[in-house]
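Consider the two complexes below, in which chain A is the common component and chain B and chain C are the respective partners.
Right, the complex of A and B next:
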């Protein structure tokens, strides 16, 4: 992944909303006291599906509980990890514990063990810590574990670089062929920016950094490859893209794509780390092809940490200048991204802010560690951290209100109203330290900080959908999309139920299977924008077809057929109703099917792009011990029309929690001398737990006038850690410029370490 | 993990006989298994035999004498200790220490004996790929490595910190442990039970001999007028070992401190009885200037390693906060 440009000031796409409404009149008959009378009814003349007036919506824009909540809570939902097949073997990977090594592996002893079915060498020279070097398989997971231990491995470590200092040291080994730095991306005029900073009323020169963070999905990466040698294979896979692995599996097994089915019915999180088959999936296919038996290969947690991806870290040196009114006038940013063998990601400074004359230079620094992967809003949290800090540090120099200074540097007025809202909710206007930090008192001090976010969130083509109504009234919606835990199954169900005035429980969603109509992968918060228009299109087409079928029975024009509250009627005679079931009973045996898809023109009326968010955090710092306790977080997010308000709030809460964890705890630790991972487990790689969770307020920005759906899950994670770090500074003057905000750094910033 | 045989003795005698019969270090005592099974899964230890104490009756009791002395069986779970009404009332710091251990799941299964005998959490020790001093290697990697969590007091040649929360509380209370083997029984003050790496045996953290079982802890009746607290600093509040902790027992005559017993956790290879802190407190007025002196005394002789220097102000801060909490 290369440098990512921020999407800029997102536009408020009001197309769907502002289009003048066209109507036409329909002549029909209406019973008045049993006497039919000719009347005219005006109906909206639309050329395709619309979400309709918000006040008319029964399910959409309300708080919907997940349709798959009960099966998940009771354990009946079958995740990839849970798949058990007759004759299945369990496979395990051996991951190289060193950053770079020549490896000799003797598999004989392992193969000789009872219950061990395969032991295959995958690699003899490695380039990153955690690279898979062998795969074994056994009748049970214990047999596989025993096989791993029985591999005779000789490691000849090669020179490595696992951190910035090692990578940039003189005589460092080449991590990539062309050296340990990528080609710098430059933007702007350096001399001009430097001059603007030099002439500013307030100046700051400081370096900020964020560590490498892990996705830490509760379900690790993995697959179950059901291949027994025939002409068919089914692969159960924990993935963010049902269709992405089909062709690769086919190639590895010597099949055609039409002989391979991928299944991801339930999935335990990905956050950007799970696209494609991965080296673990490829290894499982290799074993399956050799044994002609189903193979279960889920990464063990330590392996997940070292080879399952990460969010790149960074280090950014800023020079910034602000005029006396709080407007940034110049910014020079020199950034390094730490994405292991990969390039990492970082939205270009000054991120969302206007900073006057700006120059930025971004370069990747390579190390012998796992490539960074996309992770929830790739590049944005990294960029947010330094920029939000720069603004506060300069504002304090000038004695200006932190909220006013933010607004001063944000052209887009949506942020102004959002910042004011979160400021009000968190208690900013009653807060004593609005223009300078609180004291390093030796007591406990309270502070508040802010951060903002942006994202695209629009969808694109590639998703198709079927809606089927059976004679008994049951409705099925089918689309191959995946539900990462984000609630897309509920979304699909709700859109169809809404169309027919049904309850959620009347519709069953079939998803997560590559035999179903195609769907795009879930990345970039594009799922809602890609999936919803396709499902809506299919539902709308089904309604049109059903209306046409029912019109003669209801003695009315198809345009007047209405579905509401589980009943069907003509708008002309709302008192004459059929139940949904009666209406469905009139269908031919095969029921009714309709197809829909994401069509550019039709989707334009349903989907938008460009979202805004603002968050505030309130913390308490014990200035004697360095303990940081987050007391409250408030987040507001626009997203056009929320399909499911509960899911949107869930995403906001989840984003804030993930950011809190990033702020306070998360950091990959590798010993640079031994080259080994020191915290590849959930004890030492610390994630926030229940007692860290503050009072949380998730607000949907209902002032957003767009009646179109937009993805919002990623921006939710962008600014929380910045707000928390700013709040710590605000509380007691401790500016920590490197995450996480552990007590060692807080105490150092407070000057308490001798 | 490597396969092993599981022995389920019904009596302590049976257990100690089995342990005595096993070849050196090939048998291990299993209680809650919260640490041992983890070590086995990570191949840090690979015993041939586990001797499960769970089937032995009588080791899971908490009993107070009329005079207020308390006996705590080794199989008492940490959760049971935390919730025991008598402990909460009379030995408050011990209940607080128990409540601060691990997670609710761990406290429900983990035992008092296991908590005292658990092995260090140092990430070099816990990595199979680092053959450190504790595992028979010739280097403590934390000395010049990633030592954020390591000892500032009494370290060397190993710089682990003792991970137990119950230990500092029990040391502050002047408790002792009963150790039983096929050869007999002995009772050791907990202060002497834990051993510094500099004392010679760097591979062990206590005086427990091969084949010996810690069966109970004896807490003498505290002198009247005890006020106590256990204050633990966890990086992650939900579930974490101590970066530093303070076990504090205080006896006051009006505004003056008559007697103090203080033990620190998370800062030394053993639960660290802090005599300088006690000295700074005893006879002094219970007031902020005394707290400051006691805090400074607590880190007397501290030798930080580079990434754990923060533990000095942190420990001082905790001492102050612990004293303030007893106001």
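Right, the complex of A and C next:
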């Protein structure tokens, strides 16, 4: 993941989808009152798969029920966490409680305990808080806990830096070989931008910050390694990429890649944190290799916090200027990213807005903490926070309407319609404080705030797919892709069912296994764009082949064979039908199978990239206690052709809720003196729960004319926290410049406490 | 920057609960509060050493066989006094009942929710030995994929499950709520599942599913 993502969604060149329709005429016969007549039928002449006209779609672009809903709601879905194998042992990691230390571990006492099967030292010198130093295994997790407690560990802490101040302090220990700061990335002309700001009608100089956030997937990272010696291993893994771990597992177990199978039937969330085997997976392989027994290793929650990844925090100093009409004329942004041992991510300011003359400088500050990982729209929420605040703060100085000012600085008109829509929905036009904040009254005040998002999406090659039709009419679609909860299993099923005019339940999807046709990992909202064209290609090829097989039976041209409503017929004689089952019954014993793949040219007609979103939040601030309650959130998102409207809404709601949680609660806290993690559990690291959920409205932007699919999970999470912080300011004048918006900060911003 | 080592004592909440919980239930554990070591424990006592009320507090140690009533059926399983109900369900039952999830293992998330005598409870905060004689219902006892409960069907209808890891817990909490308050309103439902967390953010869909079920129940 590159550390600075350019922003501004590249717009899909819609040519492939907008090509003028070519047609050709087919001569055929039609029964008119039992008398065959020669007729000509015009059919569309396409060189590859297309989604077809929206109004003709039966499943796609409708609200589909997830095909795996029933197994999930009954607890029958088997996650990695739930895999149970004969003779399996439970493994645990010991994670270093210091940011950096030399470690001596004596495993003898642990190994002597009943029920303990393994205790292995992994590391004797550590670089980050939470780095795994030993792995133990026992007959049950209770026994593994015994082993952990019986490890005799001597820690010799080494100098460390866990926060910005420590990392940048004189004489700080070197966190990375070349020091504690990365190479700054600069963009634009500083002098020009400074001059533009200096000459502006309204000026602002302020620093904004977001904390380090955790993915906090409910299923922690982990694997079950089924290796009992011999020539084969199966690894169940909670991952966003079915195929990513195969080679590493093979290497660790001394096998060849073709002797290893990775399985991810169901997985409990990843949000960007779960790619590859990870150190936990590698540790499990070591235990399996030593014991020749299946090993279950899922991180415990505290370990997940310290070593399971995070979204980098940042601190951005902005200087910005706006002219009296509300146009930004200059912006200088100096940013630091806090990604632990990693570089972190931050989309380049001014993010989506036009800001006249701009200059930005972004530098990574390193600490002895777990490296940041990609997290849902890496870099975007971090950038959104400061930019959306700058706009509101300047608009208030000039007494301008917050909605108008946004539109003024957005060239892409899609945002205009989206902002207007969410503004209408949330009640902006009836809101009393549109040009200046409400009062610090001592009572409860209501405010509204906005934010916008973008993302690329798109897709790439590497995904292949098989579609099989059996003689009994059952249909199977096979592709190794994974379903993170995004609904990809349903997407795959729906595309094939649509192609054959079948119901969702008539098609079975086999996914999540590295023995199936290859698929790309799920990151950056690219699954839809990478997977759908491959599946559609296979479905299309299967339909072409089936049509060719059925044409003589239906006494028609293959181009006139139609599949609809579970029936098969010729367009010339729609009254003469076969049922799907009858038609399949005419296939040879082996049935029919077709292969498809993501092909650049064919995919161009099916997928796009570049999406827009706008969100609004309404909050109530108790100006006496500083408590913030979110009353409503509204989000709108374009995504080209939605495959499953219900899943899109779930993604949008889910993104807004994660942003609400980021706005109000989430923050990793490490004690700088002791160097220990202070909130590596769910009571001290709070996630938004049912009581905090406001009225939510998720809207799909149906004015998007693109008839191509585009992933949209990332942008959903981008602007919500910015909108909430802006709404707090709007309600009562409390501008909190660093998240989360805890009551103490709100009260301080109101001048009620120091 | 202090460089002092951290005290090794493992005063985890769970360890505390394991002792405190059992004492509260009338048993005395042969397990210390601090880092009790299995090696120091007495040999496993056979299941025939059934609790005897007359003799005063029951002393349990090592691996013992107990009988639990799970989803209406009695099942014998081997546990230790410190084994939580959650660990017993997931690791020691045959077949294992893995619908209840271990997400935080300390009462913060609700993913392990089961019913004990009809009331929702966190399985990670209960000791298996304390549940002898109680009726335990897990998600496996609520419905089956081909025979969903009304609430489960509504969950599917309203897309109340994304990754699905939290879902069994939500279904258990809300099922218990709707058994007590068949026509519950949104506020009641929100309160009933306020001990459950969903990272994917399915809450509005969960509420919609629960409300639809409640309204159906009202209509009869």
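Note that the second predicted complex is superposed on the first by the 743 of 754 C-alpha atoms of A that agree within 3 Å, B and C clash if a C-alpha of one lies under 4 Å from a C-alpha of the other, contacts with A are read in each partner's own complex, and residues count from 1 in each chain.
Here is the rule we go by: contacts are C-beta pairs under 8 Å (C-beta built on N, C-alpha and C of every residue); 3 or more make two chains touch, one makes a residue touch a chain.
Since the model is a prediction, treat every value here as computed from it, not as a measurement.
Trainee: Touch check for A:601: first (chain B), second (chain C), both, or neither?
Mentor: neither
Trainee: Quick one: name whichever of chain B and chain C touches more residues of chain A.
Mentor: After superposition, C is the partner touching more of chain A.
Trainee: Looking at A:71, would you say it contacts chain B, chain C, both, or neither? Reply first, second, both or neither.
Mentor: In the superposition, A:71 contacts chain C only.
Trainee: If we overlay the two complexes on their shared chain A, which of chain B and chain C does A:97 touch? Say first, second, both or neither.
Mentor: both
Trainee: Could you tell me if A:40 is touching chain B, chain C, both of them or neither one (first, second, both, neither)?
Mentor: A:40 sits against neither chain B nor chain C.
Trainee: Touch check for A:627: first (chain B), second (chain C), both, or neither?
Mentor: In the superposition, A:627 contacts chain B only.
Trainee: Go through the superposed model and pick first if A:689 touches only chain B, second if only chain C, both, or neither.
Mentor: Touch status of A:689: both partners.
Trainee: Have a look at where A:231 lands relative to chain B and chain C in the superposition and call it first, second, both or neither.
Mentor: In the superposition, A:231 touches no partner, neither chain B nor chain C.
Trainee: Considering only the touch criterion stated at the top, classify A:665 as touching first (chain B), second (chain C), both, or neither.
Mentor: first
Trainee: For A:170 in the superposed arrangement: first (chain B), second (chain C), both or neither?
Mentor: neither
Trainee: For chain A, what residues appear in both contact lists, the one with chain B and the one with chain C?
Mentor: In chain A, positions 97, 149, 673-674, 676, 683, 687-691 sit in both the chain B and chain C interfaces.
Trainee: Please name which positions on chain A make contact with chain C in the complex.
Mentor: Of all residues in chain A, those touching chain C are 65-66, 68-79, 81-82, 84, 90, 97-98, 112-115, 140-143, 146, 149-150, 153, 155, 157, 159-160, 166, 215-220, 266-269, 271, 298, 300-301, 484-487, 646-647, 649-650, 653-658, 672-676, 681-683, 687-691, 693, 696.
Trainee: Sort out for me which residues of chain A touch chain B in the complex.
Mentor: Touch list, chain A to chain B: 97, 145, 149, 622, 624-627, 664-665, 669, 671, 673-674, 676-679, 683-684, 686-692, 742-744, 747-748, 752-754.
Trainee: For the complex, which residues does chain C have touching chain A?
Mentor: Contact set of chain C toward chain A: 1-6, 8, 10, 35, 37-39, 80, 82-83, 87, 90-92, 95-96, 98-106, 108-109, 111, 138-140, 142-146, 148, 152, 155-157, 159-168, 171, 190-191, 193-207.
Trainee: In their shared complex, at which residues does chain B touch chain A?
Mentor: 1-2, 43, 121, 123-124, 126-127, 129-130, 141, 144-146, 148, 233, 235-240, 243, 307-310, 312-314, 316-318, 320-321
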